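Presented sequentially are two complexes of chain A, the first with chain B as partner and the second with chain C.
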Partner chain A sequence: MSKVNKLFPVFMFFAMFAHGQESARVIARQGQVSFFSYTSVEHIKAENNQVLGIIDLTSGEIAVSMLMNAFIFEKALMREHFNESYVESDIYPKASFEGQIQGFDSGLEGEQTRIVKGNFSMHGVTKVLEIKTKIERKDQIFVLSGTFEALVQDYQIKIPPLLAGNIAKTISVDFRFECEPYAN
Partner chain B sequence: MNRRKWTFAVLVAFFTLAMVWLGYAFLSGEHRSISEEEAVFDLSAEQLFMDWNREGGKRFVDQTIIASGTITEMEKNSVILDNKIQVNFIDMALELSNGDSLAIKGRCVGYDDLLELVKIDQASIVN
Partner chain C sequence: MRIRAVFTFWTLVVMAVPVLGQEGLLDILEQEHKDTVPTYVSATFKTTRITYGHSVETRKKGILEIMLSNRFWNTPALQSQSFGVDKMNARIALEYGISDRLSTGFGGSTWDGLFDGYLKYRLVRQRPKGEGSPFSITIFQNASYFSEGLILPDVDDSFSNRLSYTSQLLIARKFGPNFSLQLTPTFVHRSVRYGDIDARNHMALGIGGRYKLSHHVSLVSEYYTVFNPLDSFDTYGPFGLGVNWEIGDVMLQFMLTNAPSMVEDSFITGTKNNFNFKNPNLNFGFNFTYVLHLKRKLKGLKQKD
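Moving on, here comes the complex of A and B:
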């Protein structure tokens, strides 16, 4: 019997142990992203409660994916304008973010504030974003939350002059992901 | 003559009110009530997933769909059927568990290519 074969069960034991100890990825299938547009004419608020977020706890990599179609507005007409004219969700159905949590310590119990840096894509435009994010760990649950601002014109969203007064140039975006261990 | 003027005034007032009401109804716009809508498609989770991947999902997006399958995963008020579709219920408190078979009616939102799932929201249970 070779040395490798002899060591194999030992290796397996450690591999299983490491796996059982802590799952390497956490997931939120019902992450929340909402945005606000405040102008003197009108306040617009929309919420998406079906945002997917996955974090790799060892590398600190994070992936977020959301369908534009899933935003809920106060008025049905706002939703229609949003999907049909502004983000054109039939052509660009989703927005995504892929990045990394800088200096992330997944073993830290409690709260830590970190910068998440990565590429955010929406409406066919990709931007590098650095988002200050609060990360709270309670046992195996990781809650990520924060706020950032996005310029409408950065994403080539065209607003007709007639409605320019109704929609803010800077949109404030809030997010919250409650991530649980991911089995697969 | 006077009477004619009055009739005219009343008509104008009525017309204006009607316009205002119509304008308001148009601007506020009713939200859809998916649970009361007639389903356009009725298929299994597996079938929906296969059709979506074969021919693209444009014809399903924003449509009311009845889909059936077995719960393979759960999170809050969201369930995954046959590892193929993710269903988000309107109702927050549902007494469901892994392995339950059910048919749901909801609105097809789109496809998530990160987990490879078709997504349905505003769902209610039909059986």
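Moving on, here comes the complex of A and C:
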């Protein structure tokens, strides 16, 4: 009896690991998000290579979080303007997305294209987005990539009339997340 | 008894695991963010000058600023032919970011014949609350050469006697998205002396602030007080009140001030007018800065087909 009791913690220890496997997650710590604004006057491009993304493989839930001041612009001053005058990253430091990959099959090797639906929050505004996403699986690595468009106006970002010609009304956003197994 | 305790502990641990599993995915990312690169508070003042004096801001690597500063004022003559622009002083300068922290600049002023150069280094950068330094500190050193004729008989006129130096410690804090404040302990060494009673070394303290009125417009003000002013003529502390307007690659600064000069040693120790509306005391100032990015961070920007 006492022997069983002594072994009990060992059993429980393995049980714990079993639990851990059940809710398998993959994470991208250096996800890339870039956006482009094309107008006849000026092309603006910005890149953020430190976007975090996490996927729950069983439920297909996905979350993305990025720091607005980590976007790198072609012009250093643009980054300052972007943070201070447009997205106000002092007040709203992050943009985040929380949603669901619809019809996600984590066991499928190779490529699948799925719709990701969820809430995207930026500059204090939350919008429902549906993004067509390409998901590639190679062993334990999941690569998600895609493009979507966002209206500047939707996120209450004001462009002064003087610069209306320099900044596009629709911004195109590219993303790429290389997710690897997440250990707690 | 001990076995029971171990048993209970493990039961709790195992029970806790699924609970941990239920925490939101965004919460996990929140934790992960803490391990990423440090962030700094940006745009404490945005422009490299608050009004006439330097701010903690330096330009990033590879940025060349073309800066045109003007001051306009009237002579005390009763009948003036021009509206507010009897006299003017213009400083034309090139300022360049050597690295993200070190910048330099060279300029020349028309009215007082001062040629100046400076080096400015960003020593400490303010970080968000709880992450690091609550202040930004920048060190500043300039030298200016007085090129106008000296008609003082007892002045030993040589190159070195025409130089003045200003050292400043710029300490600023951005208190919130809209408000920044700067304290500027200053040391000025003047080689040009108008009389033996004048001290060569002066200590001064400056205070400046910025309040953001809208996304692109801010209200700025600045004042310097000199603890041991010149004795050979009356001087006043320079005061400035202005509006800064930042639009893309252009930064405009409009100000009212009593300092006609735009070089540190001259406006800090040698401002002869008090701030009021009597001619020639009130100057209207206008700084135009055009920002050129000589080194661009992202290469290969292609137009979308």
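Observations, loosely collected:
Everything that follows uses one rule, which is that the second predicted complex is superposed on the first by the 161 of 184 C-alpha atoms of A that agree within 3 Å, B and C clash if a C-alpha of one lies under 4 Å from a C-alpha of the other, contacts with A are read in each partner's own complex, and residues count from 1 in each chain.
One rule holds in what follows: a contact is a pair of C-beta atoms (placed from the backbone, for glycine too) under 8 Å apart; a residue touches a chain by one contact, two chains touch by 3 or more.
Quick caveat: nothing in here was measured; it's all calculated off a predicted structure.
In the overlay built on the shared chain, the residue A:I141 is in contact with neither chain B nor chain C. In the superposition on chain A, contact of A:N49 is made with chain B only, not with chain C.
When both complexes are overlaid on chain A, the residue A:V125 reaches neither chain B nor chain C. Shared-chain residue A:S65: touches chain B and chain C both. Of the two partner chains placed by superposition, only chain C is touched by A:I91; chain B is not.
With both complexes placed on chain A, chain A has more residues touched by C than by the other of chain B and chain C.
When the two complexes are overlaid on their common chain A, residue A:L162 makes contact with chain C while staying clear of chain B. Of the two partner chains, both chain B and chain C are touched by A:A76. Of the two partner chains placed around the shared chain by superposition, chain C is the only one that A:Y38 touches, whereas chain B remains out of contact. In the superposition on chain A, contact is made by A:E180 with chain B only, not with chain C.
Overlap of the chain B and chain C contact sets on chain A: residues 29, 50, 52, 54, 63, 65, 67, 69-70, 75-77, 80, 90, 93-94, 96. Only residues 29-30, 49-50, 52, 54, 63, 65, 67, 69-70, 75-77, 80, 90, 93-94, 96, 180 of chain A touch chain B when the two sit together in their complex. Note for the complex: chain C touches chain A at residues 3, 6-7, 9-11, 13-14, 17-18, 20-21, 24-26, 28-30, 32-33, 36-37, 39, 41-43, 46, 59-63, 176-177, 215-216, 246-249, 291, 293, 296-298, 301, 303-304. Touching chain C in their complex are the following residues of chain A: 2, 5-6, 8-9, 12-13, 15-16, 19-20, 22-23, 25, 27, 29, 36, 38, 43, 45-47, 50, 52-56, 61-65, 67, 69-70, 72-77, 79-81, 83-86, 88, 90-91, 93-94, 96, 98, 158, 160, 162-163, 166, 172, 182, 184. By the touch criterion given at the top, residues 26-32, 58, 61-62, 75-78, 86, 88, 109-115, 119, 121 of chain B touch chain A in their complex.
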